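The next block holds one structure in the form of structure tokens; read it before the comments.
By letter and in written order, the chains are A, B, C, D, E and F; residue numbering begins at 1 in each of them.
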Amino acid sequence: MLRGPFLDRNWMGQNPDYDKSDIIMLGLPFDGTVSYRSGSRFAPEQIRLASWGLEEYSPRFNKFLGDVNFHDAGDLEFPLGNTYKTLEVIEKNVEDIYKDGKRVFGIGGEHLVTLPEITAVSKFFNNLAIVHFDAHTDLREEYLGEEMSHSAVIRHASKIVGAKNIKQIGIRSGMKEEFEFMKEHNTLAHKYSDLDVLKDKKIFVTVDLDVLDTSIMPGTGTPEVGGLEFNELMGWFEYLKNFDIVGADVVELAPDYDASGASTAVATKVIRELLMIM
Amino acid sequence: MLRGPFLDRNWMGQNPDYDKSDIIMLGLPFDGTVSYRSGSRFAPEQIRLASWGLEEYSPRFNKFLGDVNFHDAGDLEFPLGNTYKTLEVIEKNVEDIYKDGKRVFGIGGEHLVTLPEITAVSKFFNNLAIVHFDAHTDLREEYLGEEMSHSAVIRHASKIVGAKNIKQIGIRSGMKEEFEFMKEHNTLAHKYSDLDVLKDKKIFVTVDLDVLDTSIMPGTGTPEVGGLEFNELMGWFEYLKNFDIVGADVVELAPDYDASGASTAVATKVIRELLMIM
Amino acid sequence: MLRGPFLDRNWMGQNPDYDKSDIIMLGLPFDGTVSYRSGSRFAPEQIRLASWGLEEYSPRFNKFLGDVNFHDAGDLEFPLGNTYKTLEVIEKNVEDIYKDGKRVFGIGGEHLVTLPEITAVSKFFNNLAIVHFDAHTDLREEYLGEEMSHSAVIRHASKIVGAKNIKQIGIRSGMKEEFEFMKEHNTLAHKYSDLDVLKDKKIFVTVDLDVLDTSIMPGTGTPEVGGLEFNELMGWFEYLKNFDIVGADVVELAPDYDASGASTAVATKVIRELLMIM
Amino acid sequence: MLRGPFLDRNWMGQNPDYDKSDIIMLGLPFDGTVSYRSGSRFAPEQIRLASWGLEEYSPRFNKFLGDVNFHDAGDLEFPLGNTYKTLEVIEKNVEDIYKDGKRVFGIGGEHLVTLPEITAVSKFFNNLAIVHFDAHTDLREEYLGEEMSHSAVIRHASKIVGAKNIKQIGIRSGMKEEFEFMKEHNTLAHKYSDLDVLKDKKIFVTVDLDVLDTSIMPGTGTPEVGGLEFNELMGWFEYLKNFDIVGADVVELAPDYDASGASTAVATKVIRELLMIM
Amino acid sequence: MLRGPFLDRNWMGQNPDYDKSDIIMLGLPFDGTVSYRSGSRFAPEQIRLASWGLEEYSPRFNKFLGDVNFHDAGDLEFPLGNTYKTLEVIEKNVEDIYKDGKRVFGIGGEHLVTLPEITAVSKFFNNLAIVHFDAHTDLREEYLGEEMSHSAVIRHASKIVGAKNIKQIGIRSGMKEEFEFMKEHNTLAHKYSDLDVLKDKKIFVTVDLDVLDTSIMPGTGTPEVGGLEFNELMGWFEYLKNFDIVGADVVELAPDYDASGASTAVATKVIRELLMIM
Amino acid sequence: MLRGPFLDRNWMGQNPDYDKSDIIMLGLPFDGTVSYRSGSRFAPEQIRLASWGLEEYSPRFNKFLGDVNFHDAGDLEFPLGNTYKTLEVIEKNVEDIYKDGKRVFGIGGEHLVTLPEITAVSKFFNNLAIVHFDAHTDLREEYLGEEMSHSAVIRHASKIVGAKNIKQIGIRSGMKEEFEFMKEHNTLAHKYSDLDVLKDKKIFVTVDLDVLDTSIMPGTGTPEVGGLEFNELMGWFEYLKNFDIVGADVVELAPDYDASGASTAVATKVIRELLMIM
């Protein structure tokens, strides 16, 4: 046998044993309904490689990745061009995770992957709520006649968990009807305490990386300027530390659109810090 | 009113009048079933801009774009993530073109767009044949369980026109079964005269730009080295000048993958020269 | 005829009818006097394509692009290498716009295009003032012996409208003499109310995109770090909402220098929001 | 447990069982002595990902990757900045491979990695010869005073196997002394039959990817125009099919220098085809 | 002879006469121990070119580059792959500078170049202190078994000047042990006045450009989000104006990783402003 | 003083002494009349840096750069946006070179720089001829109304040396009138011996790098596929070795359009080999 040493090819700091892990990281390389620029299908693999440019230790949370006890399960394989079958594959695998008493940490892919995650998780918790970081409302009923679109994911999710159980952060783009929906259901969180109504809920945190400013995250499908600074996002994460997070995902990195690799590095750190609060 | 002068925003050398044109150029910005890297949805618009870096005159064919009498009809709009509806929109519009006594020149998008074009054109000619330039056989029956895939487009087309009416040029990648299909049906053309069996047919020419070597065409979904030089492709075009071409398309440019713009420039010149022989 | 649907190839939300529009958007693809990196000649066409990645609705101004009633007139064509003739073409077309009782919205190109715009507009208003967003003073008398330079545009404009009718925002680079000019004429605006002296004037707003920080706008000729955040720029726009803006332009995007497309996306949103306050 | 399906994260077509494999693919991510542009340290991981854009079937050799029976052992981990320790780690692991009765297939990294491979392999065969594809002679005694340099690798190797047991292909750059060395020892192969003197030897094939023309392989440390076309390289591979190849490597891809990904795709196909002839 | 005029090929505003200069700018193109992405070897030459995109006048410090009286000595040449000899070359040249009664301004290259600079400078001042701007602690004892690593540079420097004479700004990544070292020795400066303990010391300022946020500085080896804005860094520079700075360097620009050139432009301005306070 | 060693910042292998040199290399960073993509203004400085990635020895010509005895005079400085003054500066400096009994080797910049070179050189030789490598005829009388355009440079030059004293190689794009001009004056050289009519002339060799195929030279203003391979260009150079070359230039590299650096590397080698035959 070879004596090595070998570079580890899984996410830095992961637990190699599925059974002994609390959180299951699952790559979801799907970008089939993206309305502008696609390419998020390549995010999970590039993020995994970039994780080795990070440290395992988070000074902000004074904690190690090893403390998180997560397992990198790899990336699901999807039938290209078939949105419905893809969503089904995701839903079933996420169900497996919760049947095993664990929590999911999805790595998109596009934002539509969140819908089957929510669908699956909602079968295990009757008081599920969503904390949604995004530049876009994602509250359309359909896009160009298609119901299953990344622009509609939160609207569809609201039918599962109820609009009152959704809080949105960083939103700065959408149709007028969507902003009215946000107003009607009071989903927009302006300050930390706006999240307090979800204190007793089981929380699913979904982070569309375009919630960050284009300066930090040019490598995404629909870059939208005027967004959160990284440390602002971290402020929200710190506040969420005291909530009961039962699942999470980070979506919409399109790594090929930022040849500098900085967007991928940022995405990777967002994931590390979000793992820290789960 | 403004006195200008203004830059023309259509394809260089086009005829602005649909009714008086012989050939209708149609942008087909669809890339939903791409198995590796997508982005060909942005090709039609970038090719149109790049056309202004060309000359209208082709020294090879001693002919002007103006002599071709083609009209740039713009780019179709598709429902994202819905492959079947997209194919339907293409098929109907291409039918319109032939009902009007004209010929189509499609600008992909991915290679699957060729299928509804062929379907439509075959309704108007009972002796349709296909000349297929590509690195890949595109002869799968399905890809990851999906029948409608850019990897299966020529297989499906063969069911419409008959495998004996297909000639393939530049093929260098595929599954063993696909190469056996090629052998069985003698579809691979090695030299110009291999095309002569199609002399009395109505020809649809479909050019997947990855038929060109990766050195010339890095900006494509699945770059495949060892391909044709540009002047080799032009040799085939010159030979095809004497065939009865009733439709054509050029597909699979992914412009964002070649930031130098060279791939887009090449695609644009392929289109100009292909127009010259129609 | 073709049934479509077709993608619109004009700026999103424009009014296709020149005569019925209030504002005329005019592409000015000139970059002949740029002192460092050129390429802004490609901005108007790429911005137009990128506009389709935006929403028509601006949550900040609670208004639609359709409410603005602007017409996308396309891009002027210039004689390459001849600065003076280019400026003449711009001046004449802008005059046309004001003769027709409309206002111009120029899309550069480099900053020198603002000079003929100002020249033309000043013929229609005797109390014209300029609000100038920029990293650079642009107050040189000449650059390397050339009077007509993008580094001199505001100095020349000051001779038309008077230095006291110019307010500059975001300036952080220039020669000592230029900073002394700014001091002498009190042109630098530090806070919103510094603009109030222009309250009764007709305002031309000119935005050199390098006023934004390099992190947001790397795709520009002379990136200058330490600039405005996007939301800071928007704060100034909100304040200007109550001024009488009779013309505007947004200049100096060099799209090829930011292959991520983020700079182009930002420029496009700056334009959308500036349209909202006119 | 999760039902998947999951994407395979090893090289396409590999045998997951080290013990039952004939060839061991070993990533060697070292680029510490590169004289111009480094970055080949990232090649093994990007090549592995890109392998999934290939087909398992090689039409040229009418053979499947699965037929090759190779195992992807992963990438060695090296002490950064310490050239000597790095070479030692490589040498020991390659020795392990031959002790286990297998052959190595190294994926660089820079060309100096070939030296410890040769050193190790030479311990198992007393009639080792080298077939060296490269743009550069790599025959310096030292570079800027350093003996251990990628520019000196073949000179050092010649001391192990003897200069007469080296054949070089594609060489087009070097110092005069190096060309004289080549002449003196008759190492340059112009035509296939020049290799015949090695017919009874055990062959180690080392491919510096810059042997290919810059048009095909811009993503390398020292691109050198005027090189082999891909099909020319394949011609040599076909001829080598009848030689007794006991080890091989492919080095000097610098993936970040070709954002189009084409260089990585080419490197991956070179590897597939070289595997086919072993 | 040629009448010119010629473009100056040295740093803008430098004094061409070494003997009459106070500060010697020294290019240090070494990147041999970089743990993630290398390429900082190309920084000195690209920064020099980019300096001509700046103005000589700094509005912030109301001072000209010409006032600084610095000489651009060019870039040292190093033996590739030999870390120890490289460090020796740097140390000797920096000694030369101080023997001549001048101060060094190093342009990296990677951060390890600071160690021989400090070693040399410490021979001339017995009360040397370090102000260290960085995202990373750089306080490891070794990295992958190597003592000489850019990750260990400040730890080694602390042995020369004493940990109590080090102040660190912007640190946000490292191992737990490193953060404990920082705590134990109270090296982290949170506010300007934390630097006051160094008021009577001779200060060496070392700026690892990744102290800036990734949005401003994607072109660096290990981009680390959540960093300083440019104007925050300038605030620290303004405070340092009143300290006795006897040497400085700016390191870790990897220009090829930011094709937009913005990172290089930022690095260049950091250097200009740091020169202003010396 | 500093002991160094320092990297040389001039062209590799140059003679530092103008007076003792035979050939004067002159950077001509002008791109003001470019019809499509500009940026060749940055070529001279990037080529100079890239020269250090070459060897001084040319195996093809068995000769060293040192044998050529050329001096790198640096890059001229031009008034931006003023074409006529720029041409005048070039003409005067080139005259200086010939007054000093030397020959020019211009590094563009765009192709229009050749006109003042020819003008100057023609004052010293009454039997001047031009060998013109290019994709484009450059035989227009004007472009968009401008006489001074890079598209017209050879037409204007023909008025100085006579159309019969011009031979063109690699031409593949132009207007019909231009091709007719070529025919009428028999300027197109198809085979080496077509150059023999110029055997007794003094030759100026002008190489527009887009004569090379786009695969080799994507980093140019108007990439034109179907061009020469590098070794084909070298074949012409070898034939020209026996001609009396009194001046030369290499133009139209736009380095920023090829982030891989390969185009710059190719341009640099073209220059090295062209120097070898002078």
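The rule is simple: a contact is a pair of C-beta atoms (placed from the backbone, for glycine too) under 8 Å apart; a residue touches a chain by one contact, two chains touch by 3 or more.
Treat the numbers as computed from the prediction; the structure is a model and nothing was measured.
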{"item": "Joint neighbours of chain E and chain A, given as chain labels", "value": "C, D"}
{"item": "Over-half contact-pair match to D-F, picked out of the listed pairs D-E, A-B or B-D", "value": "B-D"}
{"item": "Chain D on chain E, rotation in degrees - Cα superposition, rounded to nearest 5", "value": "180"}
{"item": "Centre-of-Cα separation between chain C and chain B, whole angstrom", "value": "40"}
{"item": "Separation of chain B from chain E, taking each centre as the mean of its C-alpha atoms, in whole Å", "value": "54"}
{"item": "Centroid spacing, where centroids are CA-atom means, of chain C and chain E in whole angstrom", "value": "38"}
{"item": "Multi-partner residues of chain A (at least 2 other chains)", "value": "37, 77, 213, 215-216, 256-259, 261"}
{"item": "Arrangement of touching chains [line / ring / star / complete / other]", "value": "other"}
{"item": "All pairs of touching chains, each written as two labels joined by a dash", "value": "A-B, A-C, A-D, A-E, B-C, B-D, B-F, C-E, C-F, D-E, D-F, E-F"}
{"item": "Touching residues on chain C, where the partner in the complex is chain F", "value": "31-35, 37-39, 41-42, 77-83, 85, 112, 143-146, 148-149, 256-257, 259"}
{"item": "Contact footprint of chain E on chain A as seen in their complex", "value": "52-57, 59-60, 62, 64, 213, 215-216, 230-231, 234, 258-262, 265-266, 269"}
{"item": "Touching residues (chain side chain A, partner chain C) in the complex", "value": "36-37, 171-176, 179, 213-216, 218-219, 222-226, 257-259, 263"}
{"item": "In the complex with chain A, residue positions of chain D that touch it", "value": "1-7, 9, 18, 24, 26-27, 29, 45, 49, 73-77, 89, 92-93, 96-97, 100, 256, 259, 261"}
